């Protein structure tokens, strides 16, 4: 039997949704968010809803190890794979930003966006700004089971960066808590925005 | 006799107006919005009002098949033509964005803005990101009856994309419901924003 | 004797200030706003106040034809000159935007920013989009009395455009009412934003 | 003994935090703010908190001349150094903006970003727009004690500009009051935004 959906989990997801909508990160009902409920279950947003106005009925509790039920986002497998691969992952947020979309295409062949020397590296878990961060890029795929397998195989047991890009699609980020996942997403988006601006000046 | 203006229709139009104003999409009282009331009537916004603060008196019910009454936007014929051409159209939203204005001029001669390979294609009704989307562009014309005829002749019975651009003017989008029309508009605007950013990097 | 400051005038000025602040148009307490009170008097904002939170004490009534009293903005003469030159001017708004600042410097030598073929021309009083609009640019000058004289001499009795730029400084716009002045300012700023974007793509 | 934390100081810091968050200047819990409490003490924000929702427990009173206690930002020494160097400094605000990050790297070797001829110079204490402003840039350093010493040595007793950039990191600004520090930060950010836009057009 599935555990009940905790009200606090809905509120964390809805609060992130309101924030993401205010930033323009979830246009056209895009994006999807999830939060671990316990060792074997996660709460995930349903498909086609306005992510800026998430209500309890818009979030479903599902088993991490079982097939994805209907009416959930086609991208649910990408969320579940993260929870299965790493017991420390407590929240996964996916949004669509212009910077993530454009840079993920520009560097799709390289498979990575590189940023170096930025203080913001510390927000995504790097010890010092004197470092190079490589944000992985994966080719987009409507077969999200196959895509999730490719993502997890490359990320491995201890990913250097708490997020990745899907080419022409958007950005995923995660963390132990909803606050950590949001901090990682904001940090990665800032790195991408700076990189994009530096490209414009070339 | 004209049907009464339903309060729910005013609220849908006003809510979209507040959202559009918050995004900066209706500068200088520009933009106009409509919603089908029944098979033969639509509610449309009056001319010259602040689209971020629409009140019931700012919306008028008119017949889809009859001449446009005074005090309505000069662009009303473009809305009515959509309702006449397609019984499934329930809402039409028109706004002015910088991306739509600039790209519609840049590609006016080609008559189309093309985007390809973007996940956001799915928000405007395309089945997969592995596709090319062609957003039609029409030359602007102060004779909006003639313009509406040209638009509908080209769109045909089953347009591939739920929206189009007027060169140097702005963007139109529609859908079965107000939520659908907004989703299509947001999706198209995101596609244009990504395309514009990629052009900047050339 | 000076007339009393009408509460409705304060509220119109404060409402525009809140809007301008939300757009980022009055950074660092910049910008100044005025509203005609009667044939010989205008209400103007004091210097150094947060334009996003204007209170009654932040607005002063002054005579249009007399010397500027202390604690008012150094740019007050530019406002008063407009009221003196044209009895139909009821409100003057001045803000600092990045587009106005950058384009006013780029075209300072030409003395004008030109836009053509845009539907938004209609928002600033031009009858059709099939037109060229010339937004005047003036060299900036800390002697705002001399500057006001130069501005009015060039604008003449019937300016083609309800606004102008000061090079490296910002934008002025006016209208019969506060709503008209805001519409003209939004329209001009949209024209500048489109022009700037087209320059970036060159 | 440390003085009590005045509620008015918390509110000034929290209000600036809400504003900075609304501008996107404190992504991923970045940024830190401080306010002088008396001649020998300052209130500073703790590390890792959401700067858009600062509560009294997120601010600590510390001695300006003593070692930095735990749980405070690693950048606290940069704040304290400013209070020690200049008794007139009453508030220090540090945020992360894309313009500050990108320009600080672009001009790191020159050690300065130059802007000239802008009216906004007056917002940061320059008498006229007919001037050149040089915003200092310092190489970033995780040893913030050493960094603070280098900063103060270069700024000297009477800095020409009330702020500086850390390369690849962000911007610091200060003033006699919280309002002054905010005005200086907004003015500097506007100068940087204009400079960046002019670079894009080259």
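Which chain is which? They are A, B, C and D, in the order written, and residues in each are numbered from 1.
The criterion applied here is as follows: a contact is a pair of C-beta atoms (placed from the backbone, for glycine too) under 8 Å apart; a residue touches a chain by one contact, two chains touch by 3 or more.
These numbers come from a predicted model, not from an experiment.
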item: Between chain B and chain D, the fewest steps along chains that touch one another; value: 2
item: Contacts common to chain B and chain C (chain labels); value: none
item: Farthest chain relative to chain A (centres taken as mean CA coordinates); value: C
item: Homomeric contact chain C-chain D: same or different residue positions, threshold half; value: different
item: Between chain A and its twin chain D, rotation from the CA superposition, multiple of 5 degrees; value: 90
item: Mean-CA-position distance for chain B and chain A (Å); value: 31
item: Interchain centroid distance [CA atoms averaged], chain A/chain C, Å; value: 44
item: Chain A, residues touching no fewer than two other chains; value: 200
item: Every chain pair in contact, whichever chains are involved; value: A-B, A-D, B-C, C-D
item: Chain B residues touching chain C - in the complex, by the definition given at the top; value: 24, 27-30, 50, 96, 98-99, 101-102, 105-106, 140, 142, 166-170, 196, 199-200
item: Chain C residues within the chain B interface of the complex; value: 23, 117-120, 123-124, 128-130, 179, 183-184, 186-187, 189-190, 193-194, 197-198, 200-201
